[in-house]
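In the two assemblies presented below, subunit A is common to both, partnered first by subunit B and then by subunit C.
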Partner chain A sequence: MTATVTSPAARGGRRPTKKSLVPWLFLAPGLLLALVFKFWPMAKGAWLSFYDVRPFLGDKWTGLDNYTRVLTDHRFQDAIGHTLVLGIGQSLGAIVLGFVLALLLEGQARSLKIVRTAVFLPAVTATAVVGELWRLMYYPTSDGLINSGLDFLGLGPVQFLDNPDLALWSTMAMGIWIWAPYNMVIIMAGLAGVDRSLYEAAAMDGVSLWQRLRHVTLPAIRPAVGIVLTLAAIRGLRVFTEVYVLTGGGPAGSTEVWMTRAYTLGFTRNDIGGASAASVVLLCVTLLLTVTVNYFRTRGDAR
Partner chain B sequence: MGARRRSRRLAAGLVATGLVFAAAACSGGSESVGGDPNALEVWTRSNPDDAATYDRVFAAFTKKTGIRVDYQPVVNFDQQLQTRASTKDLPDVMINDTALMGSYQSQGLLKPITPDSIAGHDQITAKSWSSTVGIDGKHYGIPYSRQAQTLMIRTDWLRKLGLEAPTTWQEMLAVAKAFATRDPDGDGRADTYGMAVPGSAQNGYAAWWSSSFLWQGGAKIVEPAGGGRYKPAMDSAAAVNTVTWMKDHLFCGDNAVTQPGALTAVTGTATNFRDGNAGMYLTGPYNITTFDQTLGKDTYEVVPAPAGPAGGDVLAEGENVYFGAKTGKAKQEQALAAFLISPEGQRIAMTGENQPVVRIPVNSTLDAATVRDDPRWSVVQKAYEDASQQFPNAVDFAPIKQDTADALNSIFTYCGGDVRSQLKELNETLAGDLKDQDLLK
Partner chain C sequence: MSAPAIDSVRTTTPKTTGKRSGKAKRTTPARFDTALGWNDRPGTAWALRILLCAIALAVFAGPFLAILSGAFTRNASGSSLSFLPHDSTLQNFTVAGERGIWDYFSNSLVIAGGGLLLQLVVCTLAAYALARHRFRGQALVLTLFMLTMMLPEEVIAIPLSLVLGDVPVVHLDLKGTVWGVILPLGAWGFSVMMLTEFMKDIPDEIEEAARLDGVGELRMLWQIVLPLCKPALGVAGVLGFIMIWDQYLLPLIAAKDPTDYTVTVALSVLRSDPQVGSGVVLAGAVIALVPSLIVYLLLQRSLVTGIAAGATKG
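The block that comes next holds the complex of A and B.
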């Protein structure tokens, strides 16, 4: 690699010039790291998904066996359903809450800066820590923070995580709490770019708050919402840590999602091939989703 | 200008070269004692506290035999072992759970062992040796430490309520209800629970904890069907009765018999006994050290698990010594194993300030209670010797345990469900697991 770079480059034609190589050189460290820690493992994972993985005895080619097994497993199908509910609910909830927070906290006042920092904290806290925190808040007796509040109002106690009908929604609430501030920052950047004279013109026309949001603010922050949606499409389906630390997929598998199921396959049942197949399917779906969101975004922008 | 650009390029080139070398160095790591014929690489699944005890054991071994030990305590043992397996270079000796033997053997990771080749093999009982026989009839491990579950119970709570330690399921239930409702800690609040239960399906805990109850109710998860084959047995009448009893009384009956959140709790989060708000805990003796420090020796006692309709059998577990396949150091490995099971080796591992790594000694010349000068250990030893069962060791039990845990957790969660049909469904899943291993009768 170094030899190519330091050798005298030919001028003209389509041969790479020194000038064209220099950017690549500066990108090299990052690319190399990505290659070793991202692309190579990904390729290896895709490769393993066609094998019965036996590290010591040698892997055995099984073709699409792992894929059929994973996709016909009813627990996996349940997990896909939960993943969709959780992914969509969590993403939309976080976008709406992020938008509301951004509207409320936009501005230059010092007090707003402090509140903004406080609100942003969940986004920079380790998910495992957040999970442990919410486990305590959700504690199913009146000793738990939320249940003690309900107790004060004469309600509860509610089995947030132990009731299989509620557990997925409780997990979603935590997910929204984690991701909303992140969206808030992006939307806020969008809001900062809104032309103030539009607001003034709207005020002069005597529009209602809703009309102002609908016809001035939302169109103006379109690009920001596009970014937020793309990010949501990428991370919505690969939710893992939130579920793993909060419920471990329980009770009765009611919060089992795609990645927790893949984890169980790979590390509890020693079925690395099956886990790889599941991950590859998830990768394809995520890719498809991202491309779709992007397509609609660019089409909207062009219009 | 030109010179500056050139030097900048040179610097960038150097950075890139350095990165390539660094990456290459990373991939070629883990060069250790492979070349030294008089050194063994030994792995255990241990946290730092356990590792301190192992350090003393191996130091004594090296002093005695001159064989050096490169000791690696590994917390995420199985992931690391898979990585090493893919490089076809295994640790020489591994100490890990008995229940993993079937899984390791099916992956070809273990060297078969002739008991006669280990000095002092006759001091291990036939029962212990029988637990290391693989699917092909050969031994694949050397018993190292054993344990059985016992019931830990708050004696101060029993005294306050005028109760006795339970000996049957019915008595246990009555005591649990009393602990939950009669304010045994005397603070005037309803904040105590009958027993602590790790009932989550995660890592198979629900099956692990329930197994003692299953055996006490006369049920089995899988049973041998002759010719080295097995068949699932979770649709038996005994299994239906036992699981129904557990569901009706422990999880869907009166409140607070088990701690809140029991069905999402793993052992790490089912800390209610240690925290002093649950009165009973069916668990292994490794917790004794912890409870002595947190609750105090005089507040609780260790008693045999209450018996069910078919007896008082509890789950027995432990650790085996395994030899990595194709390591070529048989003599040194045998010397280490002989030391580990000798009275001297076992004694060091049972005592000291740190967590003991041998719970019930496999060496039959030793007595756990005498070595530790603590009569509570005789309860554990008696439970292991007289009333315990292990998970079948020849089978790769991990998928079976996980599927059983998933099903039990679900049954205990949905109180309105039909136990018989849910267990029938589990039985079919278990048949599939056995079939995957070519072990289904």
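The block that comes next holds the complex of A and C.
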């Protein structure tokens, strides 16, 4: 992300603007909105995370209390575990399935374009709609949409969302369903960039399809996969809407993730300080992850 | 949907189209066109591909048919969800209408329309300054906009809800108004970055010629620069719309009471209403689905370009 944007100042030939106020006038609305609705809340969140927030009574400085409380809370620790399992499983699943879809649907034929258009639908649908849809598909009796299919195969009705051992995996399946088509588009853009003559050369050398995939296709789409992974990792950490709509964190907290927990803390329990501390921790982890991944990516590019 | 990594859309498009036209001219067999070497001639592989496509369609598009059929089925429940409607009726939509779904829908439309308009104007202005001017602090401004992109909305949700209740300096309460949702959407780092990259590629000669004719800054942007970056505006528009329509947490925290909800948030209100069945929820889902479907089908090309843009350069 950072590597691709070069400051125009670096390119010669553009004369310095004499009326140096002009660019700031153009930037003002954007900077103002970002300041008020992004950076100010961020600073305020960091500030509040050190306080015991009491409406009407005034906030009380408590130092790192909120942080220790949140990080030692076993429900939060569980939530961190769920977030990691969900994030990693969902990202890997969506990449593998996205890759399979891209391989399957690659091509110029009109019929393929129509199939691609249809398959991409989950990625453009609002998450809340997807959640409601999956709640109904996961309907726990044997005539629910998925369960009727299982019934046909002779498998009993599965309590997808009501069984604490299963709910997290059901959520993961929905996440894969949402993000696989999205990844498909990115990977397909990578596939389009593969030099076709390499395929031909591989065929001349008589290599197998598997070897061709491994040694020609995969190296060519590695940058695309790198981007997909970065995006997925960041997305995975902050996952909220999917879980909130599908299970609300239940049953018995078995799908509680970091952000749903912070939300409950902040809005249901009115523990603004604790929720802010949780958010700050998440923000730091996200930024750290982004910077690390970018660092390794730029280093990889330089090689 | 989150923003894909930034890259110049312009450099992506010609690359892929160039490849395509080159491919059409070449006479190599079609089996070298795809990674798996798919073949057009009927055979085992061909049949297998059709079968797999059918499965992919059933898995990824099938549920949407289920939404449609459920929405038009009388007394549909989660247990009677199927791919084909039976006993079709508009009753679900009538009931959903009685529960105020059209009010939620109009909230959504106002927010999507206003939010997108604001976002495009704000981001275009900022991109113009960043791409066509040189000034002190430019790198810092760029970094700030990039930070807004990395900053997940979820993380600032709790303090943001406090800020919306009492905006600093002016002390306005935006909660319960559409502004509470629209204004935070205004500065979107992704659009700023993408439009900046695109505008940088407009040749200086065009700008200089216009300046010699005495064209001012606003006219320069409106009459010279904007018409040249229509493709980028298309991408910013379609991705912006999908992003705004997908908002869940923001309308939730900006609402004072449930009548302020957008249609996507209101679905959970419908669901928790014990007096309406799944059919009504599905009718609501169809209503929430239609605008994004229309935008997607009309501007599919821009959308795919925008998402793929992040993929071609590391």
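We take it that the second predicted complex is superposed on the first by the 270 of 303 C-alpha atoms of A that agree within 3 Å, B and C clash if a C-alpha of one lies under 4 Å from a C-alpha of the other, contacts with A are read in each partner's own complex, and residues count from 1 in each chain.
The working rule: contacts are C-beta pairs under 8 Å (C-beta built on N, C-alpha and C of every residue); 3 or more make two chains touch, one makes a residue touch a chain.
Quick caveat: nothing in here was measured; it's all calculated off a predicted structure.
In the superposition on chain A, A:G253 contacts subunit B only, with no contact to subunit C. Number of subunit A residues touched is higher for C, counting subunit B against subunit C.
In the superposition on chain A, contact is made by A:V22 with both subunit B and subunit C. By the touch criterion defined above, A:T217 lies against subunit C but remains apart from subunit B after alignment on the C-alpha atoms of chain A.
When the two structures are aligned on the shared chain, A:T264 is found in touch with subunit B, with no touch to subunit C.
When the shared chain is aligned, subunit C comes close enough to touch A:V245, but subunit B does not. Of the two partner chains placed by superposition, subunit B and subunit C are both touched by A:Y139.
In the three-chain superposition model, subunit A touches both subunit B and subunit C at residues 1-2, 5, 22, 25-26, 29, 33, 36, 135, 139, 141, 143, 267, 272.
The touching residues of subunit A, when paired with subunit C in their complex, are 1-5, 7-9, 11, 13-17, 20, 22-27, 29-31, 33-34, 36-42, 44-45, 48, 101, 103-109, 112, 115, 117-129, 132-137, 139, 141, 143-145, 177, 180-182, 185-194, 196-197, 199-200, 203, 209, 212-213, 216-217, 223-224, 226-228, 230-231, 234-235, 237-238, 240-241, 244-245, 259, 262-263, 266-267, 272, 275-276, 279, 282-283, 286-287, 290, 297, 300-301. Those residues of subunit C lying in contact with subunit A across their complex are 1-2, 4-8, 12, 15-16, 19-20, 23, 26, 28, 31-38, 40, 49, 52-53, 56-57, 59-61, 63-64, 66-67, 70, 78-82, 121-123, 125-126, 128-136, 138-139, 141-142, 144-152, 154-163, 167-168, 183-184, 186-187, 192-193, 196-197, 200, 204, 217, 221, 242, 245-246, 248-249, 253, 264-265, 267-268, 271, 278, 281-282, 284-285, 288-289, 292-293, 295-297, 300, 303-304, 307-308, 310-314. Put simply, subunit A touches subunit B in their complex at residues 1-2, 5-6, 18, 22, 25-26, 28-29, 32-33, 36, 54-57, 75, 135, 139-141, 143, 159, 161-162, 164, 167, 247-254, 264, 267-272. Within the complex formed with subunit A, the subunit B residues making contact are 9-10, 12-17, 19-20, 23, 26, 78-79, 82-83, 85-86, 88, 90, 103, 107-109, 191, 200-204, 260-264, 266, 269, 325, 396, 398-399, 402, 406, 409-410, 413-414.
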